[in-house]
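Each of the next two complexes has chain A plus one other chain: chain B in the first, chain C in the second.
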Partner chain A sequence: MPDLDNAKLREAVLGGDWKTAAAVTKAAIAEGVEPLAIVTGCLVPAMDEVGRLFECEEYFVPEMLLSARAMKASMDILRPLLAAAGTEPVGRVAIGTVKGDLHDIGKNLVGAMLEGGGFEVIDLGADVSAERFIEAITKSNANLVALSALLTVTMPAMKTIIEALRNAGVREKVKVMVGGAPVTQQYADSIGADGYGESAGAAVALARRLVAA
Partner chain B sequence: MNSKERIQATLSHREPDQVPVDFGGTAVTGMHVSTVAAMRDHYGLEKRPVKVHEPYQMLGLLEGDLLDAMGIDVVGVSPRKTMFGFPNDRWKPWNFRGLDVLVSEEFRIAEEANGDVLIYPEGDLTAPPSGRMPAGSQFFDTIVRQPPLDDDRLDPQDNLEEFGLIGDEDLEYLVSSMCEAASTGRAVAASFGGTAFGDIALVPAPNLKAPKGIRDVAEWYVSTRSRRDYIHRVFESQCEFALANLARIHRRIGDSADAVFVCGTDFGTQTSAFCSVPAFRELWFPYYKRVNDWIHAHTGWKTFKHSCGSVARFFPSFIEAGFDIINPVQCSAAGMDPAQLKREYGSRLVFWGGGVDTQKTLPFGTPAEVREQVLRRCEIFAPGGGFVFNSIHNLQAGTPVGNIVAMIDAVHEFNGAGRA
Partner chain C sequence: MSRLVDWLAGGLLITDGAWGTELQARGLDPGVAPDTWNLTHPERVEAVARAYVDAGSQVILTNTFRANAVAMEGDLEAINRAGVAISKRAAGAGALVFASIGPTGKMLMAGEIDEERVADAFAAQAAALAAAGADALLVETMSDIEEARLAVAAAKSTGLPVIVSFAFDSGKNRDRTMMGATPEAVATAMLKAGADAVGANCGVGVEYAAPVCRRLRAASGLPIWIKPNAGLPQMNGSAITYGTSAEFFASHYAALRDAGASFLGCCCGSTPAFIRALVSARSASS
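== the complex of A and B ==
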């Protein structure tokens, strides 16, 4: 049975040590460990723990960014191997900040947590138009759309995007989740979003619920 | 009481005759240029283009006639140079998405095909742009220009290019601005710069043509955890410059400033914080304490701390660090209940803000809802002094004029009804 130093990789992710995370991942692959086993057996539970620590305020934004960086260092090695093996992700999320909004730290944290949760993340970046979300749905088969806004002045673009998805005939293909400082469950309901996440950790649980629904 | 006496009373936790009001005194208590223009129209003031005196957030200058009309007690003094490194002088007209405004001669921009507007550091069109206003936005955000990072070659001096001893021209500007502000009879809120210690809006150095060091926002946040020695060395040098500059400025302006904007570094998010309290005390607290201790030992200024978000957990440390004033008092964030804040910290911190929610009520509520919230907040924060009315952060573009009017009228209603 090939060996994965599970504790060491978990420690590297929790401690934000990307160099060790990459080294342990490479060593595990060299030993013949299945890439999917590394994701499901270690990275996903480690990032779940990061989310838990963030929720209970033992971790804050810097720690979360560091852990995400370590997870990504491992995923960068695993991703092509997973693709070559035809492994399907938990879901495909097209994520971006809405048109006019350049504030992307929250979006990046949510994206990292989703990737660490086993999702394929199609990061469309900041200031993203409805057309680019539609393109991600039609060309990349995204089944989730995650919209982020920090500002009250850009938040209404969430409604515009959802309407555009409907007009383009792709609304039924995806679940739409929204988040960001001024966004509330009430606002999410009012614009016809499928879910609202208050934090990066909550976003992963929400995404899992939405793809399972 | 006149405006200055009113502010001085409230900053000393004595109840003034009326709740004093600030709009435009600082870069975090201001009004978007479009709202300034709209309020001038509302009051029927002389039609003239409003000056964009803070181009990063596109804040408009509130001149004396509007201050009078709105019943504002504070005027601001700002550094000679803007966030983008050019001075505010030689005003020129600019049509800002249909609104005629005035901008500095060195406010130099380029418009991209998609409608985004790029702005250039020091007005130098040959330098890489340092700010972008997306087509759907009404203010600039910094463009991160992060050179490749090599941990073995990181030099704190690279993060100190924008800090140094104040130059004569900048000092004279502050002195003349202070004289002008003091002559208005209003209280003065002065911003000198250089004492923020890691304000994330300033980390990318939009005023520099080719910033070096750690300039990426996420990289900076990461560094506050993983490169603390480096950050300490940056803050240590910054603090030395700051103390020398404060001494030089105070020698010239004396105690004519009532409040001094020390720090805009945000420690709160909507639901949590950017760091733990122990991390704050280890990395930031020593420098804030040195700055505030110097100010209190040598001047009559009150020190102003801005931090958005859920920051009540930091209030004991802010107080211990010597901050007198907290802004914007984001009551919409977690753990920021106004009555609880007033009860627990009202005798030790002045609440400069918190007057109305700018995430929901003011932009999206009705005038009646705005009035109701303003009256309630005044009832909570006003007793015993220690309250300067301001919305929670700047008034944003698109805020309904009727709601701004309802907000101001409600403060005056409270002042008229609640005071003899």
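== the complex of A and C ==
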């Protein structure tokens, strides 16, 4: 893949320019560049940089959303090609905001960043019951479960869901990561989660660590 | 505006503390939207409101934070009306009732929802709260200036005084909203939108509130509403506690008053004890 395309796609993702991201991706495919090379060589590192800029507070949610959208425009072109070639994703994440909580902004951001990190994201939405997470594990082969809660009053549902996974006999099949405004490392430890992500950027690094473990 | 100025003529007003955690202490299931209790358990909601009035709150809110048509379903008109009625019963002649309007939980800029639906949801909620006799409307825990603008416009159309408060929880100094907005950007936009007061609530803790308060005041010239969290939640065995004590919280009283706060209370994790501590701090400093 010529360096120029790579730099242009990276710039489009960092600048949140989805039209250019899609156009450059199409052009690269037409030139015979491997879809997986575009993902691992450009999109993943570009989204890592977005995550870094978010961590060091140069980017805020609007910038991150625009970058995720540009990344998604490129991935929408690449996904069918990757599937046709039988390429396996880094991991399959079932993500949702826990029962009783309708807030999905944080969950959507984490989902977008995980997708940019090469994960297949099964988005279960908001107000998600334990049963639906169990179904995603048994039917869709998710190996990661990501739980989100914005409210102190809904955070305890994380514990309930982890217990339900254990009772259904699927807890050992997955790693569970948790996050959201009221959630802390201490809380994650106390409910038996495998990891806690402080931000959408940190979630990607955590998910990689968990699937590698 | 004039009503707000009259209310503040005697100086800073002490508002209330958290409701969600207080309702849970009275049996609210974590999976249930607190607002629904206005219809199913009005006496327990009133007990929370009364606990704040008894503790010395001069302004109490309503249990209507989520009751807009984007954030939740159900008979919202009835939930909003009951929320105001409950708080008014608890307040009697001893406190003002400012009705709470929280965010939709959807992001306009992500295209998750269109402006018209957001504006309609806020308009319906504001109308129900005003019709039930709220003294003022409080648009709170906002992070997006655009969404807040729609909420303030809806609230203003009722003719009641409108206060708008943002959650500053991002950035190194915790002086940005989740969307990256600074106190100056918020103050300028909300002044232009016609808000009668601006402020900061929720966030990460009282120790970050004074600089934000000062900046909101300098950029808007309006009365400032301040209601920080009692720190972040921590697990103590199976119980959730918050990092900040009522005494630590109240030790910031003078700094917040000097930074220009006109309304002072506490947000998530606080209890009536925090309000009592603020009342004592005010007596001690005057």
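FYI, the second predicted complex is superposed on the first by the 209 of 213 C-alpha atoms of A that agree within 3 Å, B and C clash if a C-alpha of one lies under 4 Å from a C-alpha of the other, contacts with A are read in each partner's own complex, and residues count from 1 in each chain.
The definition used in the following text is that a residue touches a chain if its C-beta (ideal position, glycine included) is under 8 Å from a C-beta of that chain, and two chains touch if they have at least 3 such contacts.
All values derive from a computational prediction rather than experimental measurement.
A.B. asks: Superposed on chain A, are chain B and chain C clashing or fitting side by side?
C.D. replies: Verdict on chain A: clash between chain B and chain C.
A.B. asks: Just checking: does A:157 make contact with chain B only, chain C only, both, or neither of them? Give me first, second, both or neither.
C.D. replies: Both partners, chain B and chain C.
A.B. asks: With both complexes superposed on chain A, which partner does A:198 reach: first (chain B), second (chain C), both or neither?
C.D. replies: It touches chain B, and chain C stays clear.
A.B. asks: Thinking of the overlay built on chain A, is A:181 touched by chain B (first), by chain C (second), by both, or by neither?
C.D. replies: So A:181 meets both chain B and chain C here.
A.B. asks: Touch check for A:190: first (chain B), second (chain C), both, or neither?
C.D. replies: second
A.B. asks: Per the contact definition in the header, classify A:7: touching chain B only (first), chain C only (second), both, or neither.
C.D. replies: A:7 sits against neither chain B nor chain C.
A.B. asks: For A:16, decide between first (touching chain B), second (touching chain C), both and neither.
C.D. replies: In the superposition, A:16 touches chain B alone.
A.B. asks: Kindly list the residues of chain A that each of chain B and chain C touches, one partner per complex.
C.D. replies: 57, 60-63, 65, 99-100, 102-103, 105, 108, 151-154, 157, 181-182, 184
A.B. asks: Sort out for me which residues of chain C touch chain A in the complex.
C.D. replies: Touching chain A from chain C are residues 20-21, 23-24, 28-34, 66, 71-72, 105-107, 109-110, 112, 143, 169-172, 176, 178-180, 232-235, 240, 268-269.
A.B. asks: Could you pull out which chain A residues touch chain C in their complex?
C.D. replies: The contact residues of chain A facing chain C are 57, 60-63, 65, 99-100, 102-105, 108, 150-157, 181-182, 184, 186-187, 190.
A.B. asks: So in the complex, which bits of chain A are touching chain B?
C.D. replies: Residues 16, 54, 57, 60-63, 65-66, 69, 99-103, 105, 108, 127, 151-154, 157, 181-182, 184, 198-199.
A.B. asks: Can you tell me which positions in chain B touch chain A when the two form their complex?
C.D. replies: 132, 134-138, 141, 217-218, 221-226, 269-276, 279, 358-360, 363-364, 396-398
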